[in-house]
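Letters A, B, C, D and E mark the chains in the order given here, with residues in each chain numbered from 1 onward.
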Amino acid sequence: MLIEILQQTINGLAIGGVYVLIALGLTTVFGILGIAHFAHGSISMFGGYLTYFLATSQGLPVLAAIPVALAAGILLGVLVEVLAYRPVRNANHINAFIVALGLTMMVEGINLQLFGHEQVVIPTGLSRVFRFGGITVPELRLYVIVAAIVLVVAMMIFVERTKTGQAIRAVAENRDAAILMGVNVRTIPLIVFGMSTALGVAAGIMVGALFAIAPGIGEGLVVKGFAVLILGGLGSFPGAILGGTVLGITESIAAGFISSAYKDVIAFVVMILVLLIRPQGLLGRAP
Amino acid sequence: MSKHKFTRACAALALTLVAGSSLAAEKKLTVGVADALTGGGAVYGLPQANAVKMAAEEINAAGGIKVGADTYKIDVIAYDDKANPTEATNAVRKLIDRDGVKYILGFCCSGSTSAVASFIGNEKAVMLVGNAAERSITTKKIPNLVRTRPPADYTGQAAGTFIARKGQKRIAVLGALDVGFYAQYVDSVEREIKKAGGEIIAREVFSLKDRDMTPQLTKIRGLNPDAILVVGYVEPAAFVYRQAVELGMNIPRYGFTSGSEEQFLRVTTSEQMEGVWDLRPTELTLLSASKNGIAYHANYTKKYNASPSPSSPYAYDQLYALKAAIEAAGTVDNTDAVAKALRNLAVPPQVVMQYQPVDGKMFDVNGQAYTSNGAFQWQKGKWVFVEDLPSDSKAYSQFLSTLN
Amino acid sequence: MTEPILRVDSLAKSFGGVRAVRDLSFTVSAGEILGLIGPNGSGKSTTVNVLSGVFPPTAGSILLGGEAIEGLPEAQRVGRGLSRTFQTARVFPEFTVRQHVAMGCHAIRQVNPFASILPFGAWRGEQAGIDGQVDEILRLCALHPVADRPVASLSSGQQRFLMIATALAARPKILLVDEPAAGLVEHERQDLAELIRGIRQRGIAVVIIEHHMALIMALCDRIVVLNFGAKIAEGSPAEIRANRAVIDAYLGEAA
Amino acid sequence: MLAVRDLRVSYGGIEVVHGVSLDVAAGECVALIGANGAGKSSTLKAICGLVPASGGAITFEGRDITRASGHAIVRAGITMCPEGRQVFPQMSVIQNLRMGAYTRNDSEQEADLSRMMDMFPILRERQSQAAGKLSGGEQEMLAIARALMARPRICLFDEPSLGLAPKIVASVFETLARIKAMGMTILLVEQNSMMALNLADRAYLFEAGQIVMEGAAGALKNHPDVMRAYLGH
Amino acid sequence: MNRILVLLPWLLALALLAVLPQVLSVKYYLHLSILALIWVIVAQGQNLIQGFTGYVSIVQAGFMGIGAYGSTLMGLNFQWPLWATMVMAPLITALFALATGYPSLRVKGHYFAIVTLAFNLIIVIVLVNYSELTKGEAGISNIPKPWGGNREAFYYLALALAVSLTGLAALIARSRVGEILLAIRQNEDLVAALGIAAWKYKLFAFVISAMYAGLGGALYAHFQGFINPEIFGVAQSLDAILAVILGGSGTIAGPAIGAFLVVFLPEILRFADSFRLILYGLILVLATIFMPIGIVGIAKAAFARLTRREAGHGG
């Protein structure tokens, strides 16, 4: 029983790490621009697809393909901000949401057109499995978890310790005051979208290596990402980290001990319960 | 009658004959395809649509369909139904109402197929279902509907017998059990295993978009089963095989996934797959295929620059069956007669799949065709045909007739 | 001045570990204007929010006309006769001024609003009565010249008067006004003082939070001073002006 | 130093500033007084680029900054201490102050930081607290210190006394007087006309989006119309 | 005079819709028109919560599903007549909406949107997995159709319901309840401070909107004769939002126009083949950026400009 619980916790950590990265991307965009960036999942998958394409058809080593895909993903994220979100910046937040839905369809369509409808798996060649007593951990999972932690720490350092990071926080907290500090509020959204998309693409690559990329996977991820945000508190970085880990493990435990058919239902019910007890989320600020 | 009038009548008759015969040479029969051409179902739908188009070209090149004195060249219109019930209804309504099409082929996916099947009985049209495996499509005895692919539980019965014979008693199932026909397959397996004194100790579920099966597998590992049975679409199922190995489960693995080597090797290594059984209809697999199958594979690959999906000949065979039925009925307009002729059809020589006729007919009274089932095993990077599964199409046909 | 309209007894409110209001007691009588002053962060706005029901109190009781209301939701307190305005202008920008004030009548309407969906019946008759009432309030608040203009087109000063007018439409027994003079200039402040006196004349008690000392001193019958969430003084304007603790904590020597 | 000529500002098609012209010389302290909604704050916001000017010209040290964006104006040397303090509530006091020096790349930022904390000892005491937890008066001090961290050539103050207790108002104006004494050029918008006129060298009186009077602060203070309408005498 | 001018487009549209089945030679378009009329009902419901109250709900298709399954299963299991089950469908949906509305409406903005989306996902998962009752993903076929499946008759039924429910939406919008909903959209805190129990009205809007969806779903089931969970997924809820936005949020004509667009647009875009999804998304993005007030909003603005110009000529 104990072994099973431990194994399930480890099972949940990998997907939890992916949730954290997706949610961090969503939460930065939301915190700074107030946009529910629904297309984030599809754009993340675009990055994953691209890595696959470069690593297979173009014969690049995976480690070389990743930076190229990251760069392309960042470019796409920035384009999306400039071309689609910026025009609706000052409109009702519903409009930005609808734009996000439209973008999701477009990016999904582009992914299908460019990469087809067959699922793809990014080849890593990492198939060793570590065993600790009764617990098994595939090396790929371990690397994914470690990479997720490294990325999260790197982002925290960037936001807390660099001038640009502080400017991003300042814009999130008070846009007008940030202008008065001399922050260029037209470039900040670009940086934010770039950073958020980079995290998303990293998550997309992890999904592509650990699992697979296929039509519709991105949309499923972004819904979970939003569930994480609600669980942890919209706009809160620590909330996204805690929420993502909690959701990943909850799903794993729910599937293993309650019902695999209803594991998503259980995950959403947990989210709704948290919301009822703490409407601002686990680590959100009180209104 | 005056002479004048008589000459005029003769001239008119001659003109009619001439016109008629000249028309006969140019007659066209439009058939429709409703199938998933985009979206998730396109993996199955698109090759089916391609297969119908290829069959049409072959038939046209060989002289078309002959009905009495007339020869019909086939024209294919294909609409996308996105594997969505509403879209499928719209597509078929458009084919019938607007394009005046009477023969509709394709249908890869169960939901959209069931939606169309629910109203096709009231239409002057004939519907030929391909890859969609949901059993209830042919339990309603719709007179103008036939299906080339057998229901999943027909195969499940054979698979159950096979597993029981291997001697494992406690079987854990992991599959897309939220999908009707997969659940039916498992029910059939369970019935056969129980007969041999075994049992199914777990029925865990994954959904189409799940890729992480470790929670379910960890639970199953804790139950210590003798064997595991994996049923579901190949995309998620491949992960079950890989992750079971990663979790250190060294028990026999049976499956019903119909995935190709290429599809599995995207996800797993060949070593991870070694020894896995796939218990399924004998579809287009080169080693088991007939001469027709090899030719089909070659022609399709040449024409579309991609391998045909294993289930795509279900659609290819539809058009040859339709051609034979129309020629037997001697009409393209009377769909009732064509539907009746389909039910009385012997297996046409050009078909790819290895059908097991019931009472000498390709389609039974329910409009259902049966192919043979086979046990395939992954050996050194390839699916190897090991043996035919004991399948009794006649008995199953009788069972199917009792359902509604 | 007999039985007070509002009796606040040992009221306390904490957020997490922060005690925003502690052991606060005071009363307000009909026709009285009570000033609530104190430095920023001394708990004035929290008090208003707890009285009006935005937050539940951590401890203590609130009696309105002798009835305990501390457990009631915000909306029901308005129905019992306690209305409020906000520090910053909160309005419905798309409504006309008249529609806006009429919204304030909902709390005391006798006819169920859902009945008004039916294409016939009760609410047309009632609407006439409301129109009269709204007109009266608009005149009182000097908003009748702009009655049919959209709210968004009003100046911020006018929007502050509109907030008071809308609160009055619920026929309160007691009205809490939170910094009504912020951002007003002298002549507007005088109009405001005039309006608040007019409200008192109708027998409505007023609790006013304000930093503008001239206004507070001129207007209030009694003043309660808060510091760090607790009451440090209470009395007439003259008493408060001379109170050492108040001068140290709030007024400073200049005043 | 700063020259505004015929400035016009509109919000959603409605013009609120109708051709305002004013000047601020180096080292001077100029106050804009007048009724709420008279266009004082809008003028200030237009100068520092928070709202676009719909007409007219703004020049700073001979450079046209009418169309410049907010951050470029800050870099040029204009800083505003905004109405309602507008600190970054989740960031610590020290992070707020560092944000004030966002445009600077020099090496004296840390020295300035400690100078500011000498000037406002309460900020040193609270340096690692979240700014949102500070009292209103402390936030005002933080906002002023943050503005000074940019080493501006001119500092704009928008309603520094708004919503503050009388005692705090007095200390805010004391602080402004100290800043003025340091030689800083100041443009001040203030409701509290009396205190503003006591502090300023010169003043402009706004009414309905236009300047209706200008002159030395002392002269304005004794003008009967001003006294009646704005000083409450 | 003015009143007639306002009513005129409505009467014209109604007359056109009334004769439509007689003039359509290709019955396929009749089929699509019936679907569009069903979507008018669904979109009018969506507009009540989204357009008037300002809460973006992403569960409208889920509620359609509850209505569709409710009506179908009552007929199947209790042998109730079709008309009775169709009347019951919105009532059952209302019960579900009460239960889900209570937790959802405690939160606002994006939270509300995501929570309702989660409810839509939950509804689909339960419909798929509770196959003893719902027959799962395979769906239920041979659902009884009124008048033996006569499409023309069904068209007039759908038309009558769409028109009367649009009328009901207009009545709600003009009532005091409607006024309160508009007030909630503008400033919910103030609504509560005015003594109005906002939650009552939000819940009312949510439940009525769900009842519209429930009826729409029941109509769908008895028109198509087949339902499965997939039909009631999030993608269809997004279509409902789309219909409201494209047509004109917070207007009465908007959702009706939007509903026809949502049904006919995929048809029009069929030529784009596999690029359809991209094009569909592009239209959505461009429409939101360049006509955020919807078609009705644009038409109103154009009309206002026209009359102003004419009035200018007159003066």
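Just so it is clear, a residue touches a chain if its C-beta (ideal position, glycine included) is under 8 Å from a C-beta of that chain, and two chains touch if they have at least 3 such contacts.
The structure presented is a predicted model; accordingly, all values stated were derived computationally and were not measured.
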Those chains which touch chain E and also touch chain D: A, C
Top-ranked pair of chains - ranking by C-beta pairs in contact: A-E
From chain C, the most remote chain by mean C-alpha position: B
Cα-centroid distance, chain C relative to chain D, in whole angstrom: 32
Centre-to-centre distance between chain B and chain A (centres being mean Cα positions), rounded to whole Å: 39
Rounded Å distance, chain A centre to chain C centre (Cα mean): 46
Chain A residues counted as touching two or more neighbouring chains: 112, 261, 264
Residues of chain B engaged with two or more neighbouring chains: 38, 178, 205
Touching two or more other chains - residues of chain D: none
Chain pairs in mutual contact under the definition given at the outset: A-B, A-D, A-E, B-E, C-D, C-E
Chain D-facing residues of chain A, complex: 163, 166-167, 169-170, 173-174, 176-186, 285
In the complex with chain E, residue positions of chain B that touch it: 37-38, 79-80, 84-87, 89-90, 93-94, 96-98, 110-111, 114-115, 117-119, 122, 134, 136, 140, 178-181, 183, 205
Chain A - residues contacting chain B, complex: 4, 7-8, 11-12, 14-15, 112, 117-121, 127, 129, 131, 136, 138, 207, 210-212, 214-217, 220, 251-257, 259-261, 263-264
Partner chain A, residues of chain D touching it in the complex: 48-50, 69-71, 74-75, 79-80, 82, 86-91, 95, 98-100, 102-103, 146-147, 150
Residues of chain A defined as touching chain E within the complex: 30, 36, 84, 87-88, 91-95, 97-99, 101-110, 112-113, 223, 226-227, 229-230, 234, 261-262, 264-265, 268-269, 271-272, 275-276, 279
